[in-house]
């Protein structure tokens, strides 16, 4: 009856089929719901549409669903770091819809908030405007963009209580909270699973109402794309 | 040079003139920037337009600006608790624009987020729809609503650091964080003023970028409109 | 005998299910939590920015920063979270609240609802009512069957609307009606209060309605 | 002598003011923080959801959850706050960021900018660049004056645009240009790198430009 599932496979069970539209949180490899993506791979479902800012790298994050050719279409803002992506795109296997990152974020936020469409200056006069309504407000041009929803949202959080209240950690927040609001079913992998009352009610990023299924993934692998450091000064 | 001002009068200085449009946070009497409203009263500025969910009660919150007849127009969702309001409205002194509460909140959020207009189901087929564009998305009707901004936003917060990072307390959050984003100048009264580093960066509700002026009001008067209690069980 | 206010609330509580997220209006709806079956978890949302509303505080424990949408002092629960008004109505508008139970002045047979502007009185505003009826998945009205001015279940609402085709069910002191918001323009009477006659309901109802009472 | 990349960054840093909120693109813009005058406080925003970006971490202190928009490991400051991607771009789109400094492939004399799609290469996407140039109050481009393909300051951009009429200032290795985004369709040369001649700039610039160099 509760929201907590034993493992990622159970948490995904019955949700992902051929043609399902997924949202997956994360920016680059930061805050990516890796265990849930692995579970999607295990379903073998094909022709997936995946809404995610990036497409992972080869073998990590969404990269593993590109490897298995389960994705038919990506809606993203930047897919630079993935060779397999480039191959499948050039061969025509993979469809690609680019959204400016802020437009993508706002479309998802709108989808979750019951806003079917909104206007933004972003992309006016660019290829992004093709086929879209242009409208003036206060003498300036704006594009109409549509709200975006998915059948299933896959989210990575830092802490959750069993009610589904979520807290994200640092820059791993990114697209996760808005995607949690825009999925028909929202599934969350969480580093720390707590009892209700353990989280400060003023500091909850995502209220439990948005969360349908939770799986505790305590030792999640975190990847770094660009390890940049400076030398520690001598003591 | 910094954002912190000595007192509410200084924090408001130069911002409020005849005809200025203000936003004031709060829901009922909860989270209302009372000290800043007092300072607005002291400016003597008239013909103010005030965007606020409610209009205070007689003598408290925005009620004090109604008493002095400084407000020409209110944009609100509910103004039930204020006799002076009713008198001035019936006599034609006071203009009133009702917005559904969620539409008001979203208009303010849009104003702060650079979204000039959006669509919502709220109000379709009601008087709220009069004069507004009705448009179908997916076979359902929606109204177009415009983003809302103000010259000055008045905000009540619980904790702030000197950089302007804000944390709100419980249900006193309400309209405060969105109004902080939608003012040309945003002025904040805060119960606890702290040094940078004192707030958890994962738990900041309003990043300092939105805050222009801060005044520390340590012993703020908090009012209760409906004191409802239950009997304590005998020990 | 017509249902009391408590009995109306108890009947409404039968529509609750484990895990539902519910928003309650003022008046009779505030009585509904008294009838939630023991052990059933239902989360109450308050549109001023709180999910997981607890009961009134003990005397002396009132916190001016913990109020509901009726501006009443309330309490937190272990599940409570707070959020801004924009997030609260994103939750409502986005269809995340399962059920809204609220009062009404008038309900039309097509699901039109009027509950914010009272004729002859100064208009105080709609607050969050228009957002709630437009956004919440299921809307149940609880009210007296008639007012001193006559029937409240009408062919068309005469008062300013809160929402058009938004009500799914009406529970009055005389019985329970279902409304097919998107289909037929006819209500369906599905339950009659014990001791109330169909004739009484017919005489006090202007709206056209089918009858599909269990056992009839 | 043309400016070095560091000198271009140093010239861009002269546009900073106390208290500004700034978003920096990749490439030369990442060098700008090295030239912020001592004691001047400037807050750097990273569009993946962080305000108050600190320097790279010491070796061994990398945190996979603390990265910038270039996916590089960075650090927090006492002023840091984190927020979602929607809030980050609300901040950008809403005009709250004072200044964006970014690289370019081409800039037209009316302020059109092309910096996301490289001809003959697979298109990787625009990321947040279109949102930044459309939303940030002032946009400064820092770049080499010419590429191996020729001039980059053009009458019209030939490459797919990132934004139309969005650039306010261009700083190259040869000099500084101002652009009147909403007025005349002509750039204005306002500064020439020491030892660079006006003739050299003219020969390497396709865009039409006025000259208003201090001291000329």
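Note that the chains take the letters A, B, C and D in the order they are written out, and that residue 1 is the start of every chain.
What we mean here is this: contacts are C-beta pairs under 8 Å (C-beta built on N, C-alpha and C of every residue); 3 or more make two chains touch, one makes a residue touch a chain.
A quick note: this is a predicted structure, and the numbers were derived from the prediction, not measured.
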Subject >> Farthest chain (mean CA position) relative to chain D >> reply: C
**OP:** Report which of B-D and A-D is connected by more C-beta pairs in contact.
**Re:** A-D
**OP:** List the centre-to-centre spacing of chain A and chain C in whole Å, with centres computed as mean CA coordinates.
**Re:** 36
**OP:** Could you put a whole-Å number on the gap between the CA centroids of chain C and chain D?
**Re:** 55
Subject >> Whole-Å gap separating chain A and chain D, where each centre is the average of the chain's CA atoms >> reply: 28
Original post:
Among the residues of chain D, which ones contact at least 2 other chains?
Top reply: 76, 82-83, 89-90, 92-93, 135
Original post:
Residues of chain B that touch two or more other chains: which are they?
Top reply: 106, 109, 113-115, 120-121, 168-170, 173, 201-202
Original post:
Looking at the whole structure, which two-chain pairs count as touching?
Top reply: A-B, A-C, A-D, B-C, B-D
Subject >> Residues of chain C defined as touching chain B within the complex >> reply: 46-50, 55-74, 76, 82-86, 88-90, 92-93, 112, 122-131, 134-135, 160-165
Original post:
Within the complex, which stretch of chain B touches chain C?
Top reply: 27-31, 53, 76-80, 86, 89-90, 98, 100-106, 108-109, 120-128, 168-178, 205, 222-232
Original post:
Which bits of chain A are touching chain B when the two form their complex?
Top reply: 106, 110, 113-121, 135, 137-138, 140, 142, 146, 167-170, 173, 200-203
Original post:
In the complex formed with chain D, which residues of chain B make contact?
Top reply: 1, 109, 111-115, 161, 163, 165, 181, 195-197, 199, 201-202, 204, 207-210
Subject >> In the complex with chain A, residue positions of chain C that touch it >> reply: 18-19, 21, 43, 45, 51-52, 76-83, 89-97, 135
